[in-house]
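Heads up, there are several structures right after this.
You will see two complexes here that share chain A, one where it goes with chain B and one where it goes with chain C.
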Partner chain A sequence: MLVFDAGQDPLKVLIADDNDSDRMILQAFVKKQGHIPINARDGQEAVELFESERPDIVLLDALMPVMDGFEAARVIKGLAGENMIPIIFLTSLQDADSLARCLDVGGDDFLSKPYNRVILQAKITAFNRMRLLHSTVQAQRDQIVLHNEQLMHEQEVAKKVFDNIAHPGCLQASNINYLVSPMAVFNGDVLLAARKPSGGMLVFLGDFTGHGLPAAIGAMPTSEIFYGMALKGFSMQDILKEINNKLKKILPVGVFCCGCMVDISFRKEIAEVWNGGLPDCFMYRAEDRDSEPMPSFHLPLGVLGGISFSAETHLYEMKHGDRIFLWSDGIHEEMDENEVMFGNERLMEVFEENQDPALVFDELQQAVRDFTGSTLQGDDHSIVEIQSVPEDGLIENVSGYAADYKSGPKDWQFTFRLGASSLKSFNPLPLMIHILMEVPGLRAHSGKIYTILSELFNNALEHGVMGLSSELKSSSAGFAEYYQKRQDFLQTLDDCFVEFELDHKPLECGGILKMVVRDSGKGFEYNNKTNVKKAALNKSETYCGRGIPLVKTLCRSVQHSEGGRAVEVVFEWRIEG
Partner chain B sequence: MAIWSSQSQDGKELTIKIQGRFDFSAHQEFRDAYEETSEPPEQYVVDMKDTTYLDSSALGMLLLLRDHAGGDTANINIVNCNPDVKKILTISNFEQLFGIN
Partner chain C sequence: MIGSPQDHVDSVMLDELKEVMEDDFGILIDTFLSDSEIRLVDVKTAYDELNSKKLRESAHSLKGSCSNVGAAKLADICKHVEELGRVNKAEDAGQLIKDILSEFEVVRVILKEQV
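After this line comes the complex of A and B, so read on.
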C-alpha cells in the first residue's frame, strides 16, 4: 500500500513564462526550496516538456506567445488524465473574468504578479499535500478494484464447488416449483430435495445467518449430510440431528441455520414437518382452499448441541393436490419505497384471494413485485412449493451406483432381531439397506426393497407388537390419534421383538431375495373372510392396511404364517438389458 | 442505530439498550457493550424498547452474548420488545435460551 509521505522528496516543478527575467527569478526560487525546476518559454514548450519530464506541479504564466497559458493548462490537464497535477497560474492579469478563466480551463489556483514568495511557497506545499492525498486515494482505489476482482474470481470458483456439493437433487421434479434469488454470488439460502428410497420426498430449505462465503460454508456439510443420509434411507429426525451436530461443531457461535425440513409420503398422503426458525410455512389444501400454518417449534440448527436439540416433528395430512409452501424471511422482509415490509398479512391475502391453487406460486411472486415496485430486493428470498401427487407420476431417482454384477456377496443369509429397547429408538432399515446394497444387482432395486422392508417392519411393529388397528387411520382425527398412540406405545415397549430373516440366492442372471419378518405380537386371522369383506367395503383398505397390496405388487409372493405373526415375501430380480 | 450500556451500582446487572435497527452494523458496538465491563455482571438485560427491527445477524449477536455470559448458565433477559421484534424472537424460539418479556 502506498503510504502518505510528508513531501520531503524534491518535486519536479515546470515553470512556463515568456519573460526571461521572471522565469530566472522563479527558477532560482524553486531551486532554493529544494525542488527541481524545468523551464519553458511558452505554452507549446510547456506541453512538450510536460510529456517528456512528467513534472509534479506546474506554474504557468497566462499570456505567452505560440500557445498561451490557458490553452497549455487545458492540454496538460488532458494529458495528466486521472493523475492530479496541480496547475498554479502566475499572472499579471487582474480582472475577475481572466482570473476565473484560469480556473475554468483546469487551473487549480492563481497568484497575481508581483507574487509574494511566502505565499507561493505555501501554495506549492499545500498543493503537493493534495497531490499526495490524491495519489494515495487512487492507489487504494486501484487496490480495492484488484481485491474485488480477486474476490469475485475466488467466489466463482468456490461457487462451482458449492453448486456441485449443494446440487439441486430432485428439485426439477414435476411437483416442485421454486425460486431462489441470490443477492450476492452466494446467498445465505440453501434448498435441497431428494427422493427417499421408500419413494417419498425430502425437502429442506435453510437460511444461514449472513450472506456470501460465511453463509455458504455451512451449506456444504448440510448438503452432504442431507443427500448422503437421504439416499441411505435415514429418517428425517436422524438427518436433522446429524446436520445440527455438525453445524454446532463447525460454525462459530452466532452463525446458525434457520430451516424447515419436510418429509412427504405420497403413498400415505402425509407430510412430516420440522421447522426451526423459518416463518410459518403453509399447507394449502386443494379441496377447501384452506391454508394451515406450519409454525416454527424449534431453535434454528446449529444453536444447541447434542441432547438439547429437539428433532420432534409434526404430522400433517397431505392429500394428492395439496401443496406445501416454504419460504425464508426474505419474502416477508421485502420493502416498498417507504420501507414498509411485505409481511405475513399480505402473504396470507394472496392465499385468501387465490381461485386456482395451481396459480398461487405465481401470484405470490406477482404480489411481492407489485408491492416493492422498482426497489431492489433486500434480503435473499426463496420460495418453494411442493405438491402431493400420486407417486407413479414422478420420475425415479437416478441411481448413483455403478453396476458390477460379478463382484459382491451372492449367496448368504442373516437374521437380525431387535428387542424392546432397540425398537424404541432405532430404525433398522438404513443398516439393512446398507447390507443389501452390497449385492450390486440389487442396487437398481433399492427403492422397491426399501418400500417392502419398511412396510413389513411397520406392520410388524404397529399392528403386531403394539396391536394398533389401522382402521383408526381412516379419519383425519383418527389419523393424528394413531400416530400419537404409536408414539406413546413405543415408550412403554417391554419384552417384545421384531425379527428379520434375509436370504439371498443367485440366479443365472439375477437373484432371489427371501425376506421373513416376524414379530412377538398376537398375530391375526389372515384368512378371515369378514376381514376381507370389510376390506372390500372400505375400497382401498384391506386387513393389513394399505401396505400389503403394495408389497404384493412388488414381490413374486407374499405369505403369512405362524398365526399372522410372520410374513414371508420373495423378491426376484434380473439384470436388465 | 445506537447502543448504550450501563452497569448497576453493585455491578451485578448490565443493561444494554439498542436504538433503531439491530443488525450487522451494530456488531462491534454491541460487543463492546458487554466486553468492556469492569467486573463481570451476574445478569444481563437487553432493553429493546427503542429497537425497531432485528435481523438474523442480531440473533447471532445475542447468541454471542449468551456464550460470553456463560452459555447454558447465562442469565439474560430481553425486555420491552415491540410486536415485530418479539415475533422474530419467537419464530426462532429464542425464549428457550433467553428470558423474554
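After this line comes the complex of A and C, so read on.
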C-alpha cells in the first residue's frame, strides 16, 4: 500500500533545454527545492536519460536541436506506459496552436519564460501529488483486478460444489421448460425438480435475497434437503418445514428465500402449491385458456422459526395439458429504456393474447425482449413452466445418486407398529422407504414400492382404523368431505394401531419382498374377487377401490386375511440394466 | 543614452538569481554572455541573408535566455525582431538589430558589475 505523501522524498527531475544559461537556472531551482536535477541538451539526450535514469517529472523545452520537445514528449509518454510521468513544457511560445500542440503530444502543463521559481516549485509539488495519487489508484486497481480474479475463481469452485449437490434432478423432463442463467445460483436463484417415489413431481423455485456467494450459500442445503427428502417420499410440507428450519438456523437476519414449491400428481391431476414471497405464479389451463393466479400466502423461507412457520398448501385442479408458470421477480422488474418495469399487467396480456398454450413460454420471453429492446439474458430472472402430462414416459431423476453398493441388507425382516399418537402426526413411509433403499439394487423400484406401501397404509388407516367409506370419494364433493372426516378422525384416534411386517429374501438377480399391513379396525368383506373385477370395470372405482387394482398390477400376489384386517402382498423384483 | 541600470535589467530578478545560484552566479552570467554572443551572430547572419525563418528562431531563442536573466528591454527588442521574422519582413529588421547589439553591450556591463 502506497502512502500518500506529497513529496518528502527527493524527486528526479529531468531538465531538457538547449540553452545553457536557462538550464543552469532551472537546475538551481530544482536543487533548491531538494530534488535531483538531470540535465539534457536536446530531445534525443532527454529520451536516453529518461530510459536510464527513470525520472519522476520531466521539464522539456519545446524548441531544441536534434530532437525537439514535441517528439521527445511523445517518445517519453510511450516509454512511461501506464506510469504517470508529468511533462511540463518550457516555452516562451505564446500562440494558442503551439500551446495546444504541447498538450496534444502528451504534455501536462507549461512553464513560460522568464522562469519563476515559485511557480515552478508549486507545479512540481502539485504534479508530484497527482503522480502519487495515480500510483495509489493504480495499485488499488491492480488489487481489485486480483481480488476479482480470485472471486471469479472462488465462484467457479463454489459452482462446482453446488452442481454436485444440486444435480439437475428431473429438470430435463419433457414436461418442463425453464430459463435460468448458468450462474443463477450467484444471483440467488435456485431451481430444483424431482420425481417422487409415488410417481408425481416436485418442483421448487427459490430466490434468495442478495447476490454472489452470500446468496448462493443458502441454495446448497436447500437443494440437499429437497433432493434427499423427495427421494425418500417425504411430503412437500415436511420438505418445506425442513428447508425453512435449516435456513432460519443458518442464514443471518435479512437473508431469506422467496420460493414456490409445487407438487404435481399426474395420476390424480391435481397440483399442490405453496408460495412464500414469490410473485403470483400461474396455472394456465389448456381447455379454456384461463389463467389462475397462485398468489403467495406465506412469508419467505427462513424468516419464521419453528411452529410459526406454516406449510399449508393450496390445491389446484391440473388436467393433462395444463401448465404452471413460476418466476422470480426478475421478469417483472425488466425495464425498458425509460426505466419502466415490465410488470404484472404486461405478463397477463401475454396469456390473454396466447392462441396455443404450447407457445406461451416462448411468447413470454419474446414479450420481454420486445419490451426491453434487448435480448433476454436470463441473468437476472428465472422462469419455469411445468406441464401436466400422463405419467408414463416421464424420465426418472437424472442421477447424481451414487450407484447402489454391493453390500447392504439382503435377508431380513422387521415389524413396525404405530400407535394412535404416531398415526396422528407421523408419516411412516419415508422411514421405511429409507430402510428399503439400503437393499442393494432395490432403489430402482422405489417408485413401485412407495406406491404399494402408501396404498396399503392409507387403506389400513382410513378404511381399517377409521372405518371411512371409500364410496364417499366417488364425487368431488364427497372427496372433500372424505378428507375433512379423515382430518377430524385423526385427532380423535385412541387405542388403535397399524402394523407393518416386512420380510425380504434375496434371489440370484433380485429378491422377494413380502409386506403385511395389519390394522386394529373392524375388517371388511374381502373374499369376493368379483369386487375387484367390478372395480376394474367401473372407472370411478379406480379412485375408491382401496387402490387394490393398482397394487395388483405391481405385485405377484395380494391376499387379504384376518377378517380383512390384514393384507399381504408379495413383490418380486429383478436387478435392472 | 544608458540611463539607470533598472531600465535595462530587473534587479529584483537578479537578486533572486544570486540567492538561488549562490557561488554559481558568476558562472551563470559568463555562460549567458558567451551563449548570447553566439546567438547574436545567428541573428545578424539571418538578417544579412534576409532569412525570415532563421531570424525568427534565433531571435526567439535569444529572447528566452535574456528574459531569464532579467534583461527585459533586450528581450523586448528580440520579440520585435521575432515578429518581423514571423511576418516575413526580415529586411525591416536593420535598425532593431543595431538596437539589439547596443543594448546587449549595456546589459553585459551591468551584469558584469553584479558578479
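Assume the second predicted complex is superposed on the first by the 473 of 577 C-alpha atoms of A that agree within 3 Å, B and C clash if a C-alpha of one lies under 4 Å from a C-alpha of the other, contacts with A are read in each partner's own complex, and residues count from 1 in each chain.
The rule is simple: a contact is a pair of C-beta atoms (placed from the backbone, for glycine too) under 8 Å apart; a residue touches a chain by one contact, two chains touch by 3 or more.
What you see is a predicted model, and the numbers here were worked out from it, not measured in a lab.
J.: Following superposition onto chain A, is the placement of chain B relative to chain C best described as a clash or a fit?
T.: In the superposition, chain B and chain C stay clear of each other.
J.: Using the superposition described at the top, determine whether chain B or chain C touches more residues of chain A.
T.: Per-residue touch count on chain A favours B.
J.: A:T136 contacts which: chain B (first), chain C (second), both, neither?
T.: neither
J.: Considering only touches as defined above, state whether A:K32 meets chain B (first), chain C (second), both or neither.
T.: So A:K32 only meets chain C here.
J.: In the overlaid three-chain picture, which partner chain does A:Q121 touch, first (chain B) or second (chain C), both, or neither?
T.: Neither partner.
J.: What is the contact status of A:S21 with respect to chain B (first) and chain C (second): first, second, both, or neither?
T.: Second partner only.
J.: Would you sort A:C258 into first (chain B), second (chain C), both or neither based on which partner it touches?
T.: first
J.: Quick one: is A:P300 in contact with chain B, with chain C, with both, or with neither? Answer first, second, both or neither.
T.: Only chain B is touched by A:P300; chain C is not.
J.: For A:T372 in the superposed arrangement: first (chain B), second (chain C), both or neither?
T.: The answer is neither, since A:T372 touches no partner chain.
J.: Check the superposed model and tell me the shortest C-alpha distance between chain B and chain C, rounded to whole Å.
T.: Minimum over all C-alpha pairs of chain B and chain C: 55 Å.
J.: In their complex, what parts of chain C are in touch with chain A?
T.: Touch list, chain C to chain A: 13, 16-17, 20-21, 24, 27-28, 31-32, 35, 57, 60-61, 63-65, 67-70, 75.
J.: With touch defined as at the start, can you tell me which chain A residues reach chain C in the complex?
T.: Going by the criterion above, the answer is residues 19-22, 24-25, 28-29, 32, 63, 92, 113-115, 117.
J.: Please name which positions on chain A make contact with chain B in the complex.
T.: Answer in residue numbers: 207, 209-210, 253-256, 258, 276-280, 295-300, 303-304, 329, 333, 379.
J.: Would you mind writing out the residues of chain B in touch with chain A in their complex?
T.: For chain B paired with chain A, touching residues are 24, 55-57, 59-61, 63-64, 67, 91-94, 96-97.
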